[in-house]
């Protein structure tokens, strides 16, 4: 397994700056009239904040600025400017950016990773959000004094088929794949960027429930096709194309509800794909009208297995009180993978009431499921993928430590594509930033190459962080981290004095 | 773009004095860009006129509207259903706008609130300057892209005149001598020899035409 | 041709020419012109009449020239392009010739904003160089602008002005060359106080061989006072009055300043005579025509050849 | 099956611009007047719709902008920034947050449930109602289609005393006298307002709202006047004067009255019911640490409906107050244990601010709820409580048009109703009556934290 | 006579930065003076538009204050400069119709002096009235 990863050469990280004229950063630099265009600031700044300008330099990359902490450096432009024309201020627009789960700093740091492929060099929190609970209160405790082995000997690969059946073993070199976001909820460019990034990273990307657009065919080997309650665009042929088929029973953003696609976003193309009428809202039913019992569920799994004899079957469920029972049921019905979708995730339209209130956060569901599967003695026969609120590499690592084998992402990809989390993707022309839209004009805001590279950059930065974490634990493989609750503390339940090790 | 400047309020007041119901109409194009006749300026002028009327104890009904463009019929059409409700239209459009509105509504009283000034270049925020006088016979190619007709106080084709001093114009010490600019620029390009040539008199008929000038393009017709 | 240009004759014969300037009155009385003409008569070869100088309305240059002509002087008709379009200009050129005027000085004219008609529309249909060309074409080819033939061409000795003291300096000689190329036969320069600069200019003129093609008359304006010197230095466009001249004027008491002014003028004339390529002087004694005979006498330029 | 309960909604824009979270701050100075100006480019046409409301001096830039940041990011001279709207920050208070208030406004205007994209952006959990999650059914429970489906989910509840058994005469005729029951199609009753600007207009709006929804408004006896008589079928009179003063004429026309709990509660109840046996008497009692005991007593003495009320923040009256949901849970369980719970109906209110609070409080044991502040908010109240201090209402609530107000209230309730259906649907429950006390179908923060996090990080 | 006793209608536009509890702090004054005083918090004083000032005067203010940060202390860097220029421009406009420029006044406040908005407002009210009742308002009250 590890050898396969080692053989896998990750694609190159490439600088992929913002699509917009000005990126958004924590700090804002302005150059006053007094500037005589001497160019010293351009020369001084090692982060390339300033670009040459006709009358004065342009601080067009001030999102890369170190901000006030830079004042200790010899290259601090504000101090060095002979005309004292440079002003540095906290970007006031930052205060209304983002939300509790994705605060402005997290958005900016994710953009930074997507742009550069590197951990932010500015003082941006790239590990946690500000939700005051769950992942945001969990910290790794690294054993003191351990530095671990060599980075290139650490494997981040996971195995997706652990059942021991005759179906193919599929290894992905990083413990993540990209979750379902349907055509219609996101643009074809977004979809393709994700699929291409998944291909480049040798992992998978799920189609979501909106059908399987032909544009994805070149990436068939890295596509998971989704069979959801609406069965939009599901055909034998599409099921035969892929290596993994996903049953979506429920999704975290709207547990207990079917998918929502409001009428405005149902364009001709989307409607065609879904065999529906353009302009009419599409609500997927809930649950599968043909599944009223575990036995019915097994019938479905068998049906898929029959149609595509090589495919792995994944079951995507939400997190009700009895989530542990659901997972066990799925296992016995023959699923290779169970994706647990926690209630705080989601990308598409959903009633606010369900996003906030229905079903439990993934942080609770994972340990419950992991422990229950261990007790059943089947934990190592099934792959558990966590999703719904995984925002950072640290969330990913924490989810694994809490019992997942890997994670599945959606929102993070969108943020890499410069989603600003304005929460208005649901209606009208859709995403003003051209990500979650079907509007023909807005779709043009994004290019494929750009989108692909941004996602690649971000996940490679994530992988670097995961390797760092594993190294600190002296682990050789990410598989060692699964279920290691002991590596984590919850800040509310442990006094500083109780903690042995270094908190991060 | 066409630049304009609001007339002094006293002049506007005098014009609108006989009227009780006035529609202040702005234009969203050129004059909006030079901050003299856009929506904001309409709001300010209307507000000022209302206050003024109140101070003088007059009852006047002043409403506001800004058209996207006041010199194109399709936009002026927005006024069609409104115009009868007013005694006068106070236009913040350029002269072309005012006349276009007047032509479409020959019965209505259309008053200009702006002085249309020139074809302007936005030199910097808050500063517009005239660089072209629309002579209809552009020779910028030989004058190093400095228009002597507009930028030389005397419109000399074979300048500079004897009044050019320290690179400034004799008529205004704050204005650069256009010919100094031409010479400097040609000098930099090593094209000073262009100045040896004597330029013949201009063909002003292209500027003055026979009354208003027209451009007629059949290919652009519907 | 009944008359000849005296100026042209003087210059052609190789004499050091003397011209003077005479400003017409701000009124319709012919007597002023006649009086000025009488003062100058015999002491100068030709008399320039300004054309609404500084944009102030005065008796027309054409009419004043005609009056001077009657007085037996050889007038130089100054014509600015500021006030007339090409129709009026050409018409007046023909008129001047018909009235027996034989010299014309082609100018752009001071900007209208200077005078008492600041609201006037500056015409500037053509510029001074184009005017020179126009006169030349009318005279030599017998055609008006556009090529239509004249029944009788005007007979004019064509002059132009040059300001060696305006900027850009380097271009000044080129511009002179252009005027000459356009057809100027004599040049009257702006008043000279800064001799050094004038000499430099002349050197450049000679370097280009322009002095061979045109007669250059150096401009002389006797200073009446230190105040005038200062005023000219600061307020008059295109004028270069060096600090030392101003100081020299200031260094003498007020009642002696006129004398000092004359002295400077004489010294300047003497210096100009030494400069190769200077063919005469043009004395612009502003509202001080009485000074001209004195100056011409003291400078040893009296009597005049014709 | 009864006809599906449907609340008629009509879009009802506010009289004032809504106060939104952020505003655009744009410098005109330095503007290059791009032909492809980011302002012209705005997907939401914010700049084109620009308007100044002089009453509030509020620029529509503050209320129409959707925070996409495209103008901020694309202006070549970076002249556009965003800022927190000062008026938004000060909406409401810690409990009645700006988010809650603006969500209520949105529902009152549109009659639609709030839907948004990009997942949940709020805190992990919080105090009170935010410390619980409701359940959902995955695959093995009966189907249902949520609010969009064909299946009927009932939100009707009955108020009144319930019988545990019926007695029949030998001839089969019913011997037990069945106590009166009032059915309301939505488990919500409009309570007395904790404060409001003076004015009949507000009362009329509430009454009209309650009437069109088929529910009730509690009105003080002292506030009764002839103008509101037409609404008597939808009024619960709160007896704040001597009960005797409420004449039999009026009592016979009422379906429910409410009396404050006191010494002679049961006696008063009996007295009132003697005049009108069909009358249901609700007993209003403040939540307190002793309330379970009292509820037990009242129930065993024959109380029909108990109305528990907390303060406007959902807190009971005590030194260390418990939140309404905790206390209701306790009362419910207490009565369940004594086998009395099914005989009596619970109403509970105080601090009910969002649709989810309805479902959650019912799960904790109440049958129906009473609401107050959201009704004012539906009519654009900013929960600034200026009226309480004797300052003019900034949104002129006293001048509200009852027609408009009731339509807004109806819209809000339609939103709440549909959200209740979403929750019931997700759980696979077909009627709200069956939600009552279903604590097994909910997840509580304290339990989950103890189970999952409290043990973490302990080595060995 | 101070502005309060002169019975002036005062409108105060202010940068919200001066007082984070502005909404609470200004209430006592609002109660005391009723509609005689109006407060309008701005996200930044640079957000003021000439039209806001005009409309304030038009709707009956006798005196309008704009409270801005010191130039250089604006968190948007240029806000107070914009505020000053826009106010000056509006002053010019009202002077053209014969209204006193002093009806509009810019006050630069240092956030460091820890004055609450009501303290600031009281200080302004206690100032000597440099303007009398607005001639515009006189007509409004007749009209309605």
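Going in written order, the chains are labelled A, B, C, D and E, and every chain counts its residues from 1.
Heads up, the rule we're going with is that a contact is a pair of C-beta atoms (placed from the backbone, for glycine too) under 8 Å apart; a residue touches a chain by one contact, two chains touch by 3 or more.
Note that this is a predicted model, so its numbers are computed, not measured.
Fewest steps needed to get from chain C to chain D, stepping only to touching chains, is 2.
The chains that touch chain A as well as chain D are E. Across the assembly, the mean Cα position most removed from that of chain B is the one of D. Comparing each chain's Cα centroid with the centroid of every protein Cα atom identifies chain E as the most central. The chain with its Cα centroid farthest from the Cα centroid of chain E is C. Which two chains touch most often is answered by the contact tally, and the pair is A-D.
Centroid to centroid, with C-alpha atoms defining each point, chain B and chain E lie 36 Å apart.
If each chain is reduced to the centroid of its CA atoms, chain C and chain E end up 66 Å from each other. Centres computed as Cα averages put chain A at a distance of 49 Å from chain E. With centres taken as mean Cα positions, chain C sits 87 Å from chain A. Under the contact definition stated at the top, the residues of chain A that touch 2 or more other chains are 30, 92.
Residues of chain B found to touch two or more other chains are 43.
Residue positions of chain E with contacts to 2 or more other chains are 44, 49, 51, 55, 58, 76, 78. This structure has the following touching chain pairs: A-D, A-E, B-C, B-D, B-E, D-E.
Against chain D, the residues of chain A that register as touching in their complex are 18, 20-24, 30, 91-93, 95-102, 131-134, 136-138, 141, 249-250, 253, 255-258, 260, 262, 283, 285-289, 291-294, 296-297, 317-318, 320-323, 326, 329, 343-361, 363-364, 367-368, 389, 411, 414, 419-429, 431-433, 436, 442, 485-486, 488-490, 492-494, 498-500. By the touch criterion given at the top, residues 28, 30, 87, 89-90, 92 of chain A touch chain E in their complex.
Note for the complex: chain E touches chain B at residues 49-51, 54-55, 57-58, 90, 93-94, 96-99, 135-136, 138-140, 143. For chain B in complex with chain E, the residues that touch the partner chain are 8-10, 13, 40, 43-44, 47-52, 54-55, 57, 59.
Within the complex formed with chain B, the residues of chain C that make contact are 81-82, 86, 108-111, 113-114, 122, 124-130, 133-134, 145, 161-163, 166-168, 171, 174-175, 177-178, 181-182, 190, 237-238.
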